[in-house]
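Have a look at this one before I ask anything.
Going by the order they are written in, the chains are A, B and C; count residues from 1 in each one.
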Amino acid sequence: MAQRGAGDGLALRVIAPVMRVVEIPMIGLQRVLGINRLAWVFLLPNLLLFGLFAFLPVILNVAYATTGGANVLLEARPQIGLDNFERLLDCANHLDPNTCREDKFWRAVWNTLWFVTLQVGIMVGFSLLTAIVLNGKIRARGFFRSVFFFPVLLSPVVVALIWKWMLQRNGVLNAFLDWAGIGGYNWLVDANWAFAWSVFLSVWAHMGFYTLILLAGLQAIPRDVYEAATMDRASPWRVFRRITLPLLAPTMLVVLVLALIKGVQTFDEVYAFTGGGPGTATTFIIQYIYEEGFAGSPRLFGLSAAASLLVAAVLVVLTLVQLWVNRKNVNG
Amino acid sequence: MTFKAKTTTALAALIALGAGAASAQEIRFMCYSDGNECEVYDDVLTRFEADNPGVDVVVDVVPYQAILENLPVQLAAGSGPDMAKVTDLGGLAPYYLDLAPHVDRDYWEASFGDTLAWYRGAEGGDAINGMHSQLTITGAFVNATLFEQAGVEVPGSDATWEDWAEASRAVAEATQTPFPMAIDRTGHRFAGPAISYGAAIVAEDGTPTLSDEGFAAFTAQFVEWNNDGTMARDVWAGQGGATYQDAAQEFINGELVFYYSGSWQVGRMDEQVGDLFDWQVVGSPCGPAGACSGMPGGAGIVGFNATEHPEIVAAVIDFLAQEDIYAEVTARTRNLPAHLGVAEAGVEFEGASPAAAAALSAFAADLSDVAPSAFRYQGYANNRAMFGITAERVSQAIVGELSVEEAVARMATDLEAALADTQ
Amino acid sequence: MARPWDFLTATRGGARLHWTDWASYGYLCLGVFLMFFPVVWLVLSSFKTEADLQRYPPTFLPYEQQTVTVAGHDEPLPLFRITGGEHEGMILAQLRRVGLQAQMIDPADPEERLSVAISDYERLERFTLATENYAELFGRFDFLLYFWNSTFITVMATLIMLLTNSMAAFALSKYQFRGRTAVLLLVIGTLMIPQTVVLVPLFLIVSELGMFNSLWGVIIPGAATPTGVFLLRQYMLTIPDEILDAARMDKASEWKIYWRIILPLSAPAIAVLAILAIMWRWNDFLWPLIVLTQSENFTLQLALNSFQGELQTQWSSLLAMTVLTLLPIALVFMFLQKYIATGIASTGGK
């Protein structure tokens, strides 16, 4: 199955003795606990890490969300019940952020909603197209595959810097447009363009990851299914609709769930790219949370924690809806 | 895990510092640089270390972001450094080490005078909490060559903002320069002209406001200038949140006629403009109210009360505050001195060109025009919050998300909420 | 191996390069351009001097102004070729520029000052790499120490993450036990909370555990990433249970099944996760900035950013710094990219 190179052999020589030593207590545990309860032993290290560094912070965040003031230490913060949530949700008209007490929160919410819709749609579309093309009879496939993956490796700050450098007023894109006679444009000062470029940048940086997953999914589709279709002389589009898409559905589900969650959490790259501007045009929900709770002054840990819980709740609901809708689709 | 962690840390420390790491009296100095400040401190502090065997002052150079965003959280959790160079002078006051028991109060009060109050925060009192290491003042740089080329006379020292706007527009038009004017994107720079337009900002009794008539007047004027092309729109409209953005690059490239920034830019202008054009400092223009105020500012060195070695920290800061050392550091870093003795004696700026020296003196001379409310604002404990609110809301008004009236109203409620939350 | 596209083109009988192939290659080449050009542009730009960076329109390669040293002037003077006016064709050195006019001298005859309109000359320049952008960075700090810190953090965090995540994924994919769904939901639940929103509680926990200002304060919390468990579990589900049952018949212990069967069979997914983990930890900035405040513990990212002052940023050093942090990642990518290419793809179908 997996082809092993010389490097794997070396790694194995280092790892094997360690694994053998660990095996001794594990066999003992297996005798005492039985096979299925041994699962908890396998889970333990990870659960320990998660418990301390992922769950506990969230639980602390719940505690922060019900307190006020600007003190960092939980024990020194006054209890204010659900005031933070009320403050966030207090709006005359939720569609118009100007009528909200926390107008920035609602601007961020609507921006994020728009962003996620566009970004996830465009990114998954292009990832699928790229995966299908890469899955075809292509020379130098390995090269092309890794090319699309390359930007995934760049840090968000670097991604932002690269495109800022490309798009600045005296940047190379404007130079090209000037040369082509179209004329340059001050992209990041225009709210709509800044938003569009943020979507582009985010698709650019992440689509390689999803292409990879979709490609693996495509290659898992058994060949004989297509052969059957050949017999029926089905059109390519029909093959795509009737065979590829349905069989790819489980992979698509993973991709959509991950893309949606990551899309809502978009922060670093756009923050380094536009700072959330112009005005608040590219301020997304995580930036709001970060600025209220960490970067701003005064630091409203309570308000920020409350907002983060609201986001998590929405994400949980969205994910469940996605899973539910898809379950129906796959079965039907 | 903990054991391992300690050994690796110690190991890393050993690699970094050789034998010095194990020193019993290690002082951690968290520093950030706008130019060469930390290097110079590190250098002069080796003299302190030579005089005080067994003391090791480690200068940790960090990004400014770490000072601004992380240091306050670390201090609150009790894990801060021993001393640091900070800019949120009043906001961190609860954590400062009072140097008074360890230093000569008379010398400090005579040398640093009013700036000592900036470090006392909301509490007031008479503690000696920090040494103002670099004084800055906001003011305008103009491209004199462009004026000459356009045949427009450079407005005099009592010219108003409107005079300057008109002149800059005329120059930009005549010379096809893209931007007539720009102001750095921060509430701090905005405050100078706002005060000149009659904003109280921090009243004599300490009440803050960001929504009085004067403040609204300059906001309206500034938004209008951004929309009619007088101000470089990139600066305020190209960013979000409270992000800082300057326009120095545009000025250096000769794309900007009038640039409102501050004294810390002198070194950079001197270095990078070269002979591309002549530039000069014209201080702060006046407002219709008659005031011609800039904003004072700067950074200072403070000790923290959680330190294990308060006497040593105090001794280090006191060492830096001595007139000869302070004068040397000021000269080498090309800053304006806050030390009154040093200021009076005058500073020979090291390696500065005539243009830079003239610029620094122009800034120093402009200090007398600074309004009392500007000094109060600089010393006000919540000024960071107010800077942020200004940058955010004014930008929204510029890009059209809010009208000027709405922006001013939002600034009022934001400030109210911020004050309520910090109580 | 299944290739739908093969099939699609095969139906068209015989023709070697169908329009769909042209379209595919066209699309891929556009992809290469879009993915690489910005990075190449960044790298080239990082070798430009600050003055060259501000030129418009920009040049593709870095150039430097040619200069000449003339007696009577301390600094070397920039050279220009005169393209119009009375001095056309001459190569003159510029004394200074005043607005639209430049005062120039002929290096051969430095006494006489000539006045030239700036529209009548062009810079004389040659290709030069501005390596001083990099030299300046290296001069500022102890590169080897920070490189070591970054590498240590990256390697340890990746190993810990791979081990714990693969163990957990094994348990979640191959065992039936009470509470499995609950654990799985919790794991997916942590996906919903990015680190950015729990910075303050996380910082307090790490401080309490005595990991503040220690490399482990970056390593351990970094290893608690749900994405790995999620990806590995999805992959392990595709490994047939019969293999495990056969091994159990041979009296292999569960631990042995884990490391001798599951781990090797999951190698492609683990390779991808390893690449991601290396990249995450290497690129980390926000969290190390909070945990590490003493310079001997700094990572490369922190050290390179340490001269970011309150008031000034310069493109030249910023670009050089970015290229420096990008370089190791690019190397890792070159070595591991065969796993990206062959790993997932060749095993995914089986």
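Please note the rule applied: contacts are C-beta pairs under 8 Å (C-beta built on N, C-alpha and C of every residue); 3 or more make two chains touch, one makes a residue touch a chain.
Quantities reported herein were computed from a predicted structural model and do not represent experimental measurements.
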Interface with more contacting C-beta pairs, comparing A-C to A-B: A-C
Chain with minimal offset from the mean of all protein Cα atoms: C
Distance from the mean Cα position of chain C to that of chain B, given in whole angstrom: 33
Chain A and chain C, separation of their C-alpha mean positions in angstrom: 18
Centre-of-Cα separation between chain B and chain A, whole angstrom: 38
Residues of chain A whose C-beta touches two or more other chains: 72-73, 294
Sites on chain C at which at least two other chains make contact: 54, 200, 204, 209, 220, 315
Junction residues of chain B - those touching two or more other chains: 68, 73, 77
Chain B to chain C touching residues, read off their complex: 1-2, 4-6, 8-9, 12-13, 15-17, 21, 28, 30, 32-35, 58-66, 68, 70, 73-74, 77-79, 81, 87, 145-146, 148-149, 175, 244, 246, 248-249, 252-253, 264-265, 268, 272, 275-278, 299
Chain B residues within the chain A interface of the complex: 68-69, 72-73, 76-77, 88, 91, 233-234, 237-243, 245, 382, 384-385, 388, 392, 395-396, 398-402, 406, 410, 418, 421-423
Contact set on chain A toward chain B in their complex: 68-73, 98, 103-104, 107, 169, 186, 188-189, 191, 274-283, 287, 291, 294-300
Sites on chain A touched by chain C in the complex: 1-4, 8, 15, 19, 22-23, 26-27, 30, 35-40, 42-43, 45-47, 49-50, 52-58, 60-61, 64, 72-74, 129-130, 132-138, 141-158, 161-163, 165-166, 170-172, 175, 178-179, 204, 208-209, 212, 215-223, 226-227, 229-230, 233, 236, 239-240, 243-244, 254, 258, 261, 265, 267-268, 286, 289-290, 293-294, 301, 304-305, 308, 311-312, 315-316, 319
Residue ranges of chain C touching chain B (in the complex, touch as defined): 50, 54, 95-100, 142, 145, 148-149, 152, 200, 203-204, 207, 209-217, 220, 289-290, 293-297, 302, 305-312, 315
